[in-house]
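One structure coming up, written as structure tokens, with questions to follow.
By written order: A, B, C, D and E. Residues from 1 in each chain.
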């Protein structure tokens, strides 16, 4: 199966992931990413989105996780349970959740270290390095500051820049909007779209903020408790009433329901 | 339906006070007291050689010290590479008295329970002092600070004439109601004393752990910032943890001095500190019953390795270095293997055994 | 058939019992001796050859039937230089029923002194610390104490030194073992020994002694008395060579002559210090294998017989171990010869009687062992050795320390 | 009821101002929200109030008490409790133990009494256990009572975080993004708890939150921070209409 | 004055040896946050390997030295693979205790060799006449030792600052998961850290062995003596190791030179580093150059 040619950049086929040999997090997840597109993976907390990303990028091991069933292929190469290094070398890089920059390294070093797996000469690396500063001009100003002292938005840019330095064909982003102010979220997502267009990088983005994710993506999957429950082109999903209600907080009337009302409704339920 | 207080099955709690009991069922309590009785009675029934009684006494004293280390390192998460120095402070408290008032003074020979408590208190004071850097230092830096105190302690004892420059300071034989405890009864007598001390210490420690004074230790270990926000002064709590550890160590030190009838620096070196840590780890950090398993395991291992080394020495008589190598090899391997395969120590095996028998006679 | 078998078994058993009973009075006895020492841990470099010496000599005594058909069983236990373990070993030996005890370190000898008294067991330590003898009746030093050795050295210096009062520094081990003789040497000076003690240095684990050597040299120190183990002495000698402060012959003006007592010298020092050990003076009561003596020959033969390598065979601590074993065997032999039972009290008596006509002459020492109720230091005679072309050679004749007797 | 007054507070790290001259008043009995873009200094402000940071300039007072130089445990002794943004739970302990720990200040018995666990100590401990149970009930944490906190889902952990702060029986509760990373349903739950805390228990709440929807719905008073400066304040309606706030925060949509 | 200068020179010599020994600690700590208490044993084995190659096998000393660096490089890598790999992510105390266990195991292994109980010394291969600079003298052995130290330390600081692999090693120390996400092979980095630490340990061992002779006690005591140096320098700073090493070297020399023998004090060089360490830590809790944890509440 591993070498079947599907035309997709990434194929995830019915994978099951187990942590510590007992806790099953993914129960048969399948998805595929077509080259050059932005694909969004949406879902609530604990649905298994992050685990899916980690399974793809070979980062389950540190958390004691294992793909027990199913397989993943990237560029028609089987990468099931392969180590992170291997996957990065093949061209799929993940930006982990929660802006995990190297706090004690400077911004410049953070970006530079992203090129660790590259073998295509220091010239290319240097030109890519400069290009990162073009994408994120803000980072150039704070080049020599320790990344740990940068703001959340800056850290997210560093993390993305760092991942791009590996010259990936596919970039995976894990909740880039987490804990960021609305204005920044927009900026980050604009950047993502830009990267997709200018660098021809395929993007797989995991998000909770369904609204903005559906806005920029071409195709989307929705996960719930370890399974894909819905998929479709982003435009379709945007109009899906269920998606609207459960993931975007928009009632059927089109308006937003007030949290206070929810409160009194639920309290009534509580007393009943 | 009547509450069944004998077995865990059908034993439900009707008040919060019930839930906080040390013994969940009467059966537990019964077993515990039966076990205690056995501990007290067996030396009367069997003839034990002095050597083995000494070994047993030694294990028991180590248990007292390890209860302290476990509170400090296991529960409060403060690594101490200077526990032998704390034990030494207790021993040298007694030795100082012996130097000043003479080793056969009535205070030492008759009022020995007072001396033991006094040594504990001095250990606590010293512990608190050593713990002061905890107000500022964290993790490894704090561990190394305790190492520094160990070194300073050794140097001080070694160079001050008051402490006989580290040479043995002798401590007199004590009196009991039946008169002076002579050589023949010495080790058995101290067996009973140390056993009693352990029981008291165990009750004190387990009581402490179900109150705010014990919980605060665990809080600063797990998350000292949150502990701060909960209203505990993280620094002072750590200092208090050191004092607590120092108290038990001090008591152990005084007992050691009485048992060996003398105090010399050789018993309180860095090597001993390391071996205390090993006991705590092998026993199981952060569990009270680990304090019993650790010393038992390590000291027994020591003994067995010695015997083995001797046998090896006979077989390879031309070259004793195999025997020489055995002791450190075995000690090292035990620590490493435990950490790699059972980082929660022997206490975890105990827990597993207990959970198997817990719902007896009903299984899951 | 069944009954036959039973009868047979009964018969065999009965004959065994009878046979054993008949043999009982003439049966060879085994005497138990215990040795606890540091085979591992600190000072194991001295402890290992020492233990081999003891072990080999007892084997030798058994093989050569020095005690007739009786056998010696010496239990050797490692205590890794820890007093606690020594105590445990000692208790075990007592449980096993030893009649004589061999101990090792200064710390444990001092620590167990009271037990020796209570148990009334004669003890021969490898530590020659003079303090071992205070308030104690049962400890017998095989040779003269560190203090005696050191004062002997000092007397040698006063005798050979030309010029004014020789200025002396002491380089000692930071422990009871090292500090032991310091006070005694000071007492000897008060009693009229003509040296000036400029400084007493306790060494640490230094990688460099420049500071100390420069300081001593600036204070005009000409002689450095060492009382420690080999390794720090070696480091110091190397530094002295580098700083060019080491004398090339005894008492060279403006330079320092290094002298040491028992545990500082021997082949280990030469092994560690190499060239720098040249011209180091050393005193002990033993014969060395680098000299052609009877003791050396017997020692080398014994080592060969029991398969020891050259290093052990030539170690002065191997000699040291042979020596204590010799005393033990001799005491037992004499007790037995008198037809007395081999028990602690009799051995103790016999040891105390080893003087005058009854003095014991071991093969590996430069003088006789003499013990009495008041003198429990064995060999009082010392020999001075000097490193020449990488080996220790004796210089001058044997001597005993006079001032040491005066201050006692 | 006591007012918390932050006046003219400046906080700088190595020349960088996290807060500059911030003035605000927390009225007792109300829900006050602080909003602002990431890096605006909201968490820094909370850290200043709860004693983790000490302002470079300015004062913070709570009633008659000056909190400017107080450390966290001193602040908590005054009845100011705090829930953290990045979970700061005792993750190896059960939910119950976490909450019991929060009662630290409310337990008054001596060390000796604790050693023998007799009389006062045992009585107070039992009372205390009962109180914790009440909070567990209030926050609907019953199913998780004996579970290790680390093994719970993120959403529940956040709830434990709030519950723990509440267990301290505070007069003023500081909540730092209690709803970050939650889906809408979970958010609704938390909102309900917050409103209950204020209305049923009469506890003053200071809330830091990104979700404007939530903030607008439940706050009585809103302060808006941007780059460490206060750029607007008032009722939800006032703030929503403030052009400066719209520009800095919501962006032009 | 020349006395003072001699103390300074000797202090720097001893200090640079401390720095080189401390460098091993720093290399390991910097990438894996492990403090290796068995470093003294690795230093000793490096020294013994050099000796064995040189004297027993008969390889020329410089070649033997380089070979021992290589052997120890792989030895340390093996140690990491065998013992520490499984403990990634365990609490500090476990890691400390594992290295203590390792210390015992290596002790045991060394006791199996002749080096355990016997003493040796390197054959002289450098001129034994000291180099005199006015009144101040320094031996060739010491000079060569200082030069090797300087080269190694310079090399490693460059490596960490300037090369991508060096930065990657620091990155691993910072956040393992993030490092893995960009394709850094964490196990490789840990192995490499131990290997390089082993290399420096062998170098230190070779130098110390030439100065003091081969006595196991003395050699593995260096491991403990270097502790205050490592902590004073701040655990993860190479510059810190150098500065702290030299400070400690100087302190010990001055203590030996000015305190000992006066006021009844003796072997103060043994204890003074610890006292000074405590004082400095109270003022600077992360050592002189240690990284402060960036904590955000």
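Methods note: contacts are C-beta pairs under 8 Å (C-beta built on N, C-alpha and C of every residue); 3 or more make two chains touch, one makes a residue touch a chain.
Quick caveat: nothing in here was measured; it's all calculated off a predicted structure.
Within the contact network of the assembly, the step distance from subunit B to subunit E comes to 1. Farthest chain from subunit E, judged by C-alpha centroids: D. Centroid analysis (C-alpha atoms only) places A farthest from subunit B.
By count of C-beta pairs in contact, C-E exceeds the other of the chain pairs C-E and A-E.
One simple way to say how far apart two chains are is to compare their mean CA positions; for subunit A and subunit D this gives 31 Å. For this pair, subunit B with subunit C, the centres built from the Cα atoms lie 38 Å apart.
With centres taken as mean Cα positions, subunit E sits 48 Å from subunit D. Mean C-alpha positions place subunit B and subunit D at a centre distance of 41 Å.
The set of subunit B residues touching two or more other chains comprises 159, 225, 321, 324, 327-328. Within subunit D, residues 52, 84-85, 88 each touch two or more of the remaining chains. Contacts with at least two other chains are made by residues 111, 116-117, 266-267, 270, 297 of subunit E.
On the side of subunit A, the complex with subunit E involves touching residues 57-59, 62, 83-85, 87-89, 93-96, 100-105, 109-110, 112-117, 146, 148-149, 159, 162-163, 165-166. The residues of subunit C lying in touch with subunit B in their complex are 39-40, 44, 48, 51-52, 55, 76-78, 80-84, 87-88, 91-92, 94-95, 106-108, 110-111, 113-115, 118-119, 131, 174-176, 179, 202, 306-308. Listed in rising order, the residues of subunit A touching subunit D in the complex are 44-46, 149, 151-154, 175, 178-184, 186, 208, 246-247, 249, 256, 258-260, 262-263, 266-267. Subunit B meets subunit E in the complex at residues 73, 79, 133, 136-141, 143-145, 147-149, 151-152, 155, 159, 225, 270, 274, 277-278, 281, 285, 321-322, 324-336, 339-340, 343. Against subunit A, the residues of subunit D that register as touching in their complex are 13, 16, 36-40, 85, 153-155, 177, 180-189, 191-192, 195-196, 210, 212-214, 217-218, 248-251.
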